[in-house]
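Chain lettering (A, B, C, D and E) follows the sequence in which the chains are written, and residue indices restart at 1 in each chain.
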Amino acid sequence: MAPVAPRSGDAIFASVERVNAELFTLTYGAIVRQLLTDLEEVEEVNKQLDQMGYNIGIRLIDEFLAKSNVSRCVDFKETAEVIAKVGFKMFLGVTASVTNWDADGMSCSLILEDNPLVDFVELPDTCQGLYYCNILSGVIRGALEMVSMKTEVTWVRDMLRGDDAFELQVKLLKQVSEEYPYKDDEYSEV
Amino acid sequence: MGREVSESCVDSLLTEIVSTYCNGFYANKPELAARRIEAIGYQVGHQLSERYTMERPRFSDHLEAIKFICKDFWSELFKKQIDNLKTNHRGTFVLQDNRFRWLARMSVDPSSENSSSPQDPSTMAENKAAQAVGMHLYFPCGIIRGALSNLGIPCAVSADISNLPACDRNNITKRNFDPCLVAPLTAHCELS
Amino acid sequence: MASTACFMIVSRNDIPIYEAEVGTALKKEDAAHQHQFILHAALDIVQDLAWTTSAMFLKAIDRFNDLVVSVYVTAGHTRLMLLHDSRNDDGIKSFFQEVHELYIKILLNPLYLPGSRITSSHFDTKVRALARKYL
Amino acid sequence: MAAIYSLYIINKSGGLIFYKDYGSAGRMDTNDSLRLASLWHSMHAISQQLSPIGGCMGIELLEADTFDLHCFQSLTGTKFFVVSEPGTQHVEGLLKHIYELYTDYVLKNPFYEMEMPIRCELFDINLAQAVQKDRVAFLGR
Amino acid sequence: MEPDVSIETSSMIRIAVLPIGPIPPSHFRDYVSMLVRHHKIELSTISSFYTEHQKSPFAQQPWDSGTLRFKFMVSGSPPSPWEDFQSNRKILAVIGICHCPSSPDLDSVTEQFSAVSKGYSSSLVQRCFAFCPGDSQLEDDRKKGGNLILFPPADRQTQEFHLQTMVQDIAASLLMEFEKWVLQAESAGTILKTPLDSQASLSSEEVIKAKKRRLGRAQKTIGDYCLLAGSPVDANAHYSTALELARLTGDYFWYAGALEGRVCALLMDRMGQKDPVLEEEVKYQYNSVILHYRKSFIQDNAQRVSPLSFELEATLKLARFLCRRELAKEVVELLTAAADGAKSLIDASDRLILYVEVARLFGTLGYHRKSAFFSRQVAQLYLQQENRLAAMSAMQVLAMTTKAYRVQSRASIAKHSLPNEIGSTHTDGGKIHHHSVVSLFESQWNTLQMVVLREILLSAVRAGDPLAAWSAAARLLRSYYPLITPAGQNGLAIALANSADRLPSGTRCADPALPFIRLHSFPLYPSQMDIVKRNPVREDWWAGSAPSGPFIYTPFSKGEPNHNSKQELIWIVGEPVQVLVELANPCGFDLMVDSIYLSVHSGNFDAFPISVNLPPNSAKVIMLSGIPTKVGPMTIPGSQGLVLSDPFRCCGSAKLKNVSVPSISVVPPLPLLVSHVVGGDGAVILYEGEIHDVWISLANAGTVPVEQVHISLSGKNQDSVISVAYETLKSALPLKPGAEVTIPVTLKAWQLGLVDLDTAATKNFSGSTVRQGKDGSSPMLLIHYAGPLENSEEPPTNGSVVPPGRRLVVPLNICVLQGLSFVKARLLSMEIPAHVGGNPPKPVHVENSSSEEVTGSESKTDRLVKIDPYRGSWGLRFLELELSNPTDVVFEISVSVQLENSNNEDSDSPVDRAAAEFGYPKTRIDRDYTARVLIPLEHFKLPVLDGSFFLKDSQTNGTTGKSSSFSEKNAKAELNASIKNLISRIKVRWQSGRNSSGELNIKDAIQSALQTSVMDVLLPDPLTFGFRLAESCSGQDAKLDSPKESDYQVQSTSSKGSVLAHDMTPMEVLVRNNTKEMIRMSLNITCRDVAGENCIEGKKATVLWAGVLSGVTMEVPPLQEIKHSFSLYFLVPGEYTLLAAAVIDEANDILRARAKTNSPDEPIFCRGAPFHLRTRSPTVASLGFKLAAINVNLDSLPKTPEVFSLDFRIWFQNAAIQP
């Protein structure tokens, strides 16, 4: 049985149920605002957003896998590419680019020029230090964890802070393989 | 049609809002959680209404505004209109969406609710379930209220989930033949 | 471009949330005050007029001496008011429409509290640019 | 003329989170199903170690003379397997589809807790439709 | 242009009203007001005055329904150049008004009047009304008739009536004049010119046209007169022809005029009722009026004159006519148009009038912002003309705008203005309503608001109205300080200062300036003066009002359970009170508040003003005080609502929750107790356990007698107050004002806690004294007291509410010094052997032993060894108390053991107690020494040994079961009880060097000391043995229990506790069974000599005996004793020790338990205490006798070597005696 060929991000995006992006953007914004009022501390809000992202990620990954037909990635490089090209596309309808690989291919940057989360957003002075999009980092972290990659995701650039793009640094910490004894060798050639 | 994102983005956001506020911050104070969730919806509604009324003339009366909510506004959000609008002409409007997307994926399992007490309390489970779903409905209610009050119609919006998918057992059979599932939302707007 | 133009956004509860003296004439403070006075007074007329029409752009609804007040009322009853001495309705209309879009952007900013003062410098520059373009 | 006997879903830690019987053959009681699940979990794991080629994903098809067992494992470690009449076709497709249903109706159901036994009515309903033979055939094309 | 014109204006007859001669303004105003009431005169009413000379030109004059309208021009007006054009502009009559008292000479009055009347060439009728003339004036008035009309003094009605008739007369004569005029005009025609008409003489070919014009204009004017004469129909006819002619001759201006007239006629005809049709008509006509006025604009003389003002007036007239909400749109258009005209008006005053009118009309339309806007325009026009009057008007106009701009002076809002001491918000029920001054900041129009206020300030300064200036400056400063530059702030400060100087002192301005003030708190009455509600029904009204715990000084311990909710305050007439307020000066200048005080609306309060100085950007909390003067409720305005930014915040003072303002009520005077401790209020210094009396004197410092008193305790260590002489206090009631009573309070210093101890150790005493005085460890007396239930002088203000009671808190601050400190107690046992006395000591039953002991009057030492005959003094137990004295004085300890005997009731009577006590020798402990005190425990024994002591064994004996175990339980309990009470009988009293005395509390110490061996100490042995000498002579055995007997015994043996050697001594051993069961046993008696050798058995035996000494089996019934007799013969005098011991057969568990045996079969062996026995050698005298005695006895003795040796020894003794 030859496995079904992986589908392109656009193809999937075209196939999945879609909704008006404004609804999404504003809902997210409203959440952030509510969190800001409830938690007061910007740091707390960042944490909370990341946590929410994580919770989303651990569920979303399956949908991603199911609908994208991507088979197991050879290595972290490929994983990153898939996230950037397929993952982002299929959910947010935008693609990211992957750069800044470090020597041992354990960390890279995902770069988003276009980010539906931040349409209309402008950080008031009161919210300096807020990582508005922190939910994304959470999602990625959560999703990768489900496919046995412990990662650390941090913001390098943030348009809301005047940078020219959004840059997420994804650093692969380790392969969690406890519950997958049979996956020991999966990345052996990496 | 403007920019779009995958539906699951919004769905998972919703799920997270609810779980964050119901299980996180206000685990033991559902009414507070509800208020927060509603507030989030309110803001969204408030903003969107301003957004979607941009090209259209202003409303001269309430009915127009509410019609707008049922038609244009709703289809902007859900790609479908409200299926049924009723009013008692005394300031109460009933909006009904027979296939409310945000309920389409929900199935509440009563037995999961009352794992502790296996015997009977299906009723209790029922309304626990209802309550859980209710939490998810504060958001759309908020949206409607926000939109209306931005259009100069202060009102109270409540959702009625009496006939929620998994809440009544008897129409499962019916469903089996009919792949598109019924997920009705009924929103009552009390103009104040 | 109009020599005098004072633009103002008044929230639904009659609070000015943005004002800008746009216009080539050199700004004198008391002149600016005078402008605000005129606009403030014009609100009386707007509030009656707004209900008589469903159009957003109410055209010139009031004037004092050679200064004209044009108003644009959004669905949310936010009022964009322009005091000006030049009379090209089309220019003003498109000015209003574009400012309205800007305003909506502001409003869509989740971190902006509706009805509060608009402090965004970006918005300010945009508005002034539009003024230069249309008035 | 091929029939699906039963469907199992095992979470990544080997727990049986869903079991459903279709058709008469190969019924078992809860305990047996649990036993089978855990047994399969470990067999699957071992099979990878045993396999001569590296990076093997474990058993995909087990053909017995009274039944076939098709298994699909998602990258997240969730295993779906169906026990079917020998020689049933297109089961991979079915499993794939089931996986999608799982993501749609289980993971997207706000009331479902990860890794927990699945009690989602909508999932059942959609499964029921998917498992109908013609659907199976259809999926194959 | 003219103010206040309307369409009807054209029908009004102008009458100049002029003051003639000096008139006090008030009077003039009064007369005028009387006059102007008659501005409408029914034609019907004047018919009587009207005399038709010739045929009236007003054919259709409606005599029944029509009216004449008057427009009184008070103090006249300059003639208008347009009189020809609109006759209603003419002054058609002149009324002089004269106040006779101030202008006696009526002739001069008449002259003056006619003089001024000349000024009004157009006037047709002149009258001079002279009010309240003197009689003389009335006199000479008779002579001259003429225009002078006197109003003889009379009541108002008559005067008004008189006036009315006069006015009607004027009306009538005017009417007749009009007729004349019209007739003359119709016949002769007139030349009518307006400033518009070009001066150039008409060219010949225009003459015709000109003639027509003239005709037309004449018709128009006649029409005017018809209007004035109140005959619209005639007017209409004339106007129509006029219009026709004007149209033909293109005389637009007059056309418009005529048209106006016609509309007016139309309205008059309709008698004012409006209908849409009419409205349309009017609108239509007036638009054309306006149109034609505009048409008539002629370029060449535009500089000089223009019909514009008429156009505008017409516009305004129409606007006024239409001015209704529904027609807002049109009205607005009209008004805007009119306003536009302003700039092209030539005459500044015209512009002014125009704006005024526009503002008014907008106002009536409900467009307040609009009207405010134009009012401000007006004000600015005024301000342009630099004079005081203009400034005043400017001020007034601006004042009207303040509402629209939300910058009202508070005077205009709250009629009863708040005292500016306390912030700008009303409060009731503790809830704060923010004032509009605050609300205006939600509306961000502050630039406008500031501009307006500045203008008000400017105009006020110019107008020389210091109050207004102050209020404006204050509003500016207070509300907008954050937006005003420091320079600006200073400017305002100066403005404030200046206007303040020019204000009469004591003026109060409704608008608070700086400082910002907010209520800080209401300091409560010092607890010394607490007030407690008392409800008449409850006798013990104080109950529950007692403050709990040490928090008496905190506001919440006031006893009201609901302190958190609205708290209420009671102030007392005549007793000073304080309120704390916080002031803030957020501005950049130094603020000097030279008098700030509480002022109370209810006025029943004397405040003490103080003055404060607030540096820039600073805040202060100050205390305002005063004395309530009258009974009644009192309201203190609440705290400052927040302004732009909280001024207190920016002055760095903390954010303060809204202080809920208590509802204050002032009650009539109450009694007021003050207390002081006799001999200084300083802390009483006591050693631990010291007992001491303090005298507290209470004086009534109030003006009302104290009639009820109740004393209770509170605070810590309440038990240290032993007694309070409540009675003394009660007996002193009622305590008159000024009266004083002193009550003793007995204290017993408590034990210092460990904390206290070590601190006391570290600190020197003075230090600790201070500390003790401070901290709340002392108890306090709560004295609740109250005056008479209803007090006589003031009637109860609020119904049947009784005046409240009060509470006086007298802290008894006691400073406890560490006195004798108890180091430790331990149990000693020592051996003091007992003597075999002749006296058979009684079995010590706790009950009668005491009396027994008492009767025996021996030396203490003897008493120390006084023994329990059965227990002996062997292993006698002492309690050793180790005490140290850290103080700087000597202590003397006296231990006493009180043996209260339970069986005689009167044991409490002092005598018996004294009797029942042991004194032990005092022990003296020097400072910084420790000493030990011994307390013998010999006197404590329980009579019986029974099962209850050994519950642990109870299950082994057969009779177990619920009941038994139960009985055992309470048996156990009562054992413990008895142990306790035994211990409690030991009292250790001390006396300090500074003859204070007290008691040492060592109960628990002892208990712990006895803990281990309480059984051994307090429980009797199962068997106790005692020896005694039997009666030698009388064989009858002693009745042990008979007291008489015992007495005898005592005497007999009191001689000596010893026996003779060489003499057969009959003795008895007494065995007592202390258990509840029969005991069987075998008894052995041994005798040892000093060396401890057994001297009964063995070859060296030195004691002969008769009777059985060993293996004596006997049964002792429970709680009985048995005696066993035997005799001893001591060969050698000296010290001997008698010992009794017994082996108990088949002992029961109790015995085993007591004997602490572990195996059941091991025999239980009891031995008694050693008894000492001294034997003396007999005297010579007695020797022979003794020998004989011996001889007698020798027979009964077996021949043994001992005998001889005995003999020998006797001999030897004799020999020894021989010499």
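As a working rule, a residue touches a chain if its C-beta (ideal position, glycine included) is under 8 Å from a C-beta of that chain, and two chains touch if they have at least 3 such contacts.
According to UniProt, the chain labels map to these proteins: A, C, D = Trafficking protein particle complex subunit; B = Trafficking protein particle complex subunit 6B.
As the structure is a prediction and not an experimental result, all values here were calculated from the model.
Enquirer: Treat chain B as missing and name each group of chains that still hangs together through touching.
Expert: one piece
Enquirer: Going by the stated contact rule, which chains contact chain B and chain D alike?
Expert: Expected: A.
Enquirer: Applying the touch definition from the top, give me the chains sitting in contact with each of chain C and chain D.
Expert: Output, common partners of chain C and chain D: A, B.
Enquirer: Looking at chain pairs A-C and A-D, which one is connected by more C-beta pairs in contact?
Expert: A-D
Enquirer: Measuring from CA centroids, which chain ends up nearest the centre of the complete protein set?
Expert: E
Enquirer: Quick check: how many Å separate the C-alpha centres of chain A and chain D?
Expert: Averaging C-alpha atoms per chain gives centres 29 Å apart.
Enquirer: Cα centroid separation between chain C and chain E, in whole Å?
Expert: That gives a centre separation of 54 Å.
Enquirer: Compute the distance, rounded to whole Å, between the mean C-alpha positions of chain B and chain C.
Expert: Using C-alpha averages as centres, the distance is 37 Å.
Enquirer: Residues of chain E that touch two or more other chains: which are they?
Expert: Within chain E, no residue contacts more than one other chain.
Enquirer: Could you check chain D for residues that touch two or more other chains and list them?
Expert: Residue numbers touching two or more other chains: 104, 108.
Enquirer: Could you list the positions in chain B whose residues touch two or more of the other chains?
Expert: Within chain B, residues 8, 12, 14-15, 19, 43, 47, 51 contact more than one other chain.
Enquirer: What are the touching chain pairs in this one?
Expert: Every pair of chains meeting the touch criterion: A-B, A-C, A-D, B-C, B-D, C-E.
Enquirer: Show which residues of chain B lie in contact with chain C when the two form their complex.
Expert: 43, 46-47, 49-51, 53-54, 56-60, 150-152
Enquirer: Inside the complex, what are the residues of chain A that reach chain D?
Expert: It comes out as residues 1, 3-4, 58-63, 65-67, 69-70, 72, 146-148, 179-183, 185-186, 188.
Enquirer: Mind listing the chain D positions that touch chain B in their complex?
Expert: Residues 104-105, 108-111, 119-123, 125-126, 128-129 of chain D touch chain B in their complex.
Enquirer: Hey, which residues of chain C end up touching chain E in the complex?
Expert: Where chain C meets chain E, its residues are 14-17, 30, 32-33, 36-38, 40-45, 48-49, 52, 62-65, 117.
Enquirer: Show me the residue ranges of chain A that touch chain B in the complex, using the header's touch definition.
Expert: Residues 13, 16-24, 26-31, 33-34, 38, 48, 52, 55-56, 59-60, 63, 90-93, 116, 119.
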